[in-house]
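Residue numbering begins at 1 within each chain, and the chains themselves are lettered A, B, C and D in the order written.
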Amino acid sequence: MTTHYFSPTHYHITLGSHTPVLEIADGNTVITTTIDANGYDAQNQRVSADPNPQTGPFFIQGAEPGDTLVVHLERITPNREYGWSRASVASNVVDPSFVPQLPPRDKAEWRVDGEMETATLVSPKTKLGEFVVPIKPMLGCFGVAPYDGQAISTATSAQHGGNMDYNGFVAGVTVYFPVFVSGALFYLGDGHAAQGDGEMVGTGIEISMDVQFTVRVLKNKKINQVRGENDEYIFTVGNARPLDQATQHATTEMLRWLQDDYGLDAVSASILFGQCVEYNLGNMFDPAYTMVCKIPKRYLKGFTRQIQSPISSL
Amino acid sequence: MTTHYFSPTHYHITLGSHTPVLEIADGNTVITTTIDANGYDAQNQRVSADPNPQTGPFFIQGAEPGDTLVVHLERITPNREYGWSRASVASNVVDPSFVPQLPPRDKAEWRVDGEMETATLVSPKTKLGEFVVPIKPMLGCFGVAPYDGQAISTATSAQHGGNMDYNGFVAGVTVYFPVFVSGALFYLGDGHAAQGDGEMVGTGIEISMDVQFTVRVLKNKKINQVRGENDEYIFTVGNARPLDQATQHATTEMLRWLQDDYGLDAVSASILFGQCVEYNLGNMFDPAYTMVCKIPKRYLKGFTRQIQSPISSL
Amino acid sequence: MTTHYFSPTHYHITLGSHTPVLEIADGNTVITTTIDANGYDAQNQRVSADPNPQTGPFFIQGAEPGDTLVVHLERITPNREYGWSRASVASNVVDPSFVPQLPPRDKAEWRVDGEMETATLVSPKTKLGEFVVPIKPMLGCFGVAPYDGQAISTATSAQHGGNMDYNGFVAGVTVYFPVFVSGALFYLGDGHAAQGDGEMVGTGIEISMDVQFTVRVLKNKKINQVRGENDEYIFTVGNARPLDQATQHATTEMLRWLQDDYGLDAVSASILFGQCVEYNLGNMFDPAYTMVCKIPKRYLKGFTRQIQSPISSL
Amino acid sequence: MTTHYFSPTHYHITLGSHTPVLEIADGNTVITTTIDANGYDAQNQRVSADPNPQTGPFFIQGAEPGDTLVVHLERITPNREYGWSRASVASNVVDPSFVPQLPPRDKAEWRVDGEMETATLVSPKTKLGEFVVPIKPMLGCFGVAPYDGQAISTATSAQHGGNMDYNGFVAGVTVYFPVFVSGALFYLGDGHAAQGDGEMVGTGIEISMDVQFTVRVLKNKKINQVRGENDEYIFTVGNARPLDQATQHATTEMLRWLQDDYGLDAVSASILFGQCVEYNLGNMFDPAYTMVCKIPKRYLKGFTRQIQSPISSL
């Protein structure tokens, strides 16, 4: 297996059909870096405009519209100590009459200790005292070039991925994207050292990252929304506003997955859904919200999965 | 401590200012039964109209408008073998264009084994084969009489509780309700042997239950939405449609809780929120949807809680 | 035709199965009064709790569940000079980040001149100077007892009507309500001398009214949502939150109406809809929002209407 | 005043920073053509991919980010006889449980008579018989290049305009767009001979058009959403999903307009709003819905408008 070491020199704030920075083959691994949501790198130097500047795009050979791009996230590690977040809950996630009681949208600063796997609040001084949270590094914004030649802001998300801000996108997860253009054009950025459900303050602990990932292409496999899996779950991702529609997208995509790949009929899939489904709130801050629909793999053991994750076969 | 054994003879399909079936004191325990969502009892005999007929109301001495009623759920145990659910995902939780692909709203039947703590699908025959899920018995619909003399259908939910269909309402949980009328008038029913997140088929595994609970009254403690806690979390419950508003209600109520009882200011509460909050989807089927906002107790250890759960002091 | 003169002595703040104040026959006319949203009468004396205290209920002989109650609004006339409104746009109708820029929820006072058919702003003094608007008297909240023995707050609305706050409910309009209980139990109140679309400040110009209406019963005619008609339009009313669902309710009910009573098939009704439908925003302030779907009668002239408005036959 | 006659040779299905087809000066008039939503021209020949292929972009000299582009729509005239629409109400605008009752998404065909100003249904044969509607030609999709180098599909809309599908965008209307890139880059297309409110079948009567418009630039005038005016109204346009947010955008923008340009304070603007505002439903079909907030000009006569429409001064 080939591994590419890629050191980015410029970044993108749209996911679109930009000139690839690297062409890689099906099965290749990339080791690279991402900068933080405001465009600051590992040395905390500003090297790009915001929001959520992306490393890439990577052109994946053989990926064509109608295929599925598989991205296995192998490593997401903060590569500096300094992290930041917002220090107020966002105005759109509280009752409208409560908005005047929210604090200003100031910054909080965190010291991230990669070895201890913790983030410690540095400022402001709050009633939380010495406040330490475990880190769980994730990618907030990543995806592929959208359809119809669009270039979509990294502030938002849709079927092509983008700014989903789901705290389940951690190392060890395999993500599936619909391919809309030749080469898929994969982008990544917006690392969070940690983030609560829903990204209710509008950020995680924003930080630059070292990232390693491996790509595969599923030929002639069409999916409608971003999908993923980890050791315990298969999951689908609905990106839309409001939450109702995000949930509808995720639910519909999971029903399709269960029927197309696991050979369940609509009734079987419904019964599985009724008792076993779980949902996670990705974000409720970005222009498109994100809801994640999960089925535990332990309920799927009895079924032949037509299309295995090709990552395991590497 | 007094324990009342109460055997219901009639049921209510609204939560309102109905004649109490029993008057109990602050600190009392009640051992009673509930019937299933369609009005069938432990012998699977129909004894009430639907939906979600309620046992009660229980008049709690000393509870007055502006107080909080505390209900500790001590036991929720299926008292028959027969459970049922719907066998199709509901039309409102999928993309509108996908609705024609949903199966009919038929019933599925389950055999619930209380000792093994499992539910086994009996019919229809599906591709799931021998399909067994662990049970996690919960109350789908319970609450108090609402404000302004209203009588609100047990099909829906609001600040008074009602048909929240949240699978976290299991034995061991303490629930807090705002009191709107003298005596609070507590009702309970709609047991589910198990239910996935969101109640996406419109039911859990519906069944009759043996229930034990203990009540307390927090005098002059006003809350705005249903709250709860278990060993790991404190949580707030937003009941509204759409999900966005349900989430706003739950989030606002948690911010109030953190500020009023834990002495956090708005910035401290926000920072805690940003990195530590979790959300659960209660239901996305009933007229009002339910979202639950949770803060892990491990992050709250350092703070003096003004008002302890009074259950522990019994 | 019998005309009843009814002078109310008490009022209700829920629509429910309360004791009728008067029993009237199919075809009867009632001349009565309503008090304002805060419970102040023609002498500006407080005679009831709020919100939106209702005159009634009127028991209509022969109306049974599954029938339709027809109410022809013949006269809605302010019976005092003093009107009031709120002086700030509500927090839920602006972007969340704009909420802190809204003024306090103070009262504005108006002098209503019934003869000139105008309302003049009395206080506060604003940059609007001498500000006069034409009046267009309407009922904000009226309806029938809901199903399942519910008693629903006059703050909100649903299939039974209630606090719809639609400025098209003026004299001359015929309104259709589904009947859920024997006698239908018709209520009315919450007069507005005028109101912009959407009730964006949370009130119209609130005032007490003299009202005259005539009732009819359509036997065995089941409708799902409130309907209405005036000289130019037939219309349907969706009461729900969010606006999307209110619009879905109104649209679905109009499709049913066109197909059931006008003999259009689904394609014909769709084509009519595509080019001829109009929508009005009733309110976007109350717990349930209101959207109104209208079809101009001029497009319906060629079709036999199975069930004529029975008002014209009186 | 210079008038440019521009005959398009290619079209765009995104609004983005594409190469201008023509550079024009502030005050210039353009006479050009647009093709229909599916890419068919005046000869009903397919000349572009869909959806909603756009003529343009026109580079307006002197327009810079932070300015406002003013477009006066002077003429929108169908340039062929053949129009088409969909023959079924869309699945997202009805109650989810009603979706299975909708007819297939077939095409309807219309004969548009520009002289008589009518459209006559040609097929399918329906119960509507000889069905003729007056035409009211409008542009469904037009706007400027969005911010951050985005290229956004002509299927949707946002602050830059796009596929708003509002039937009030007819000849005689002046439209204001925020400028995000040098030259603004104005696009237009997607003509409808007629369309009901909300575009509930997902189309108007789609047709190619002759269009004439004149542009002006308001230097250093920043607006947040699309605005417009006609003889009777000033209006603002909210493009977002769900309708609630579209309405919030439009309402907020109108409050800003009244305060910034008419010198009203927040209370005065609120009182005007409360009694005088009107709303129109643009579309409830596209990925972003459109709501329009209108204030009648008759209520604004007493106020000095800081920035007059510059169209009148040509």
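Worth a mention:
Keep in mind that, in the parts below, a residue touches a chain if its C-beta (ideal position, glycine included) is under 8 Å from a C-beta of that chain, and two chains touch if they have at least 3 such contacts.
Since we're looking at a predicted model, the values are computed, not measured.
Looking at A-D and A-C side by side, the one with more C-beta contacts is A-D.
Chain centres here are means of the Cα atoms, and by that rule the chain farthest away from chain A is C. A straight line joining the Cα centres of chain A and chain C is 48 Å long. For this pair, chain A with chain D, the centres built from the Cα atoms lie 35 Å apart. Shared interface positions of chain D, defined as residues touching 2 or more other chains, are 94, 96, 242, 244. Contact residues of chain D toward chain B in the complex are 90-92, 94, 96-97, 99-100, 242. Against chain D, the residues of chain A that register as touching in their complex are 13-14, 16, 147-153, 155, 240-242, 244-245. Residue ranges of chain C in contact with chain D, taken from their complex: 85-89, 93-96, 98, 101-103, 106, 108, 119, 121, 124, 126-129, 131, 133, 194-201, 203-205, 242-244, 247-249, 251-252, 255, 263-281, 284, 299, 302-303.
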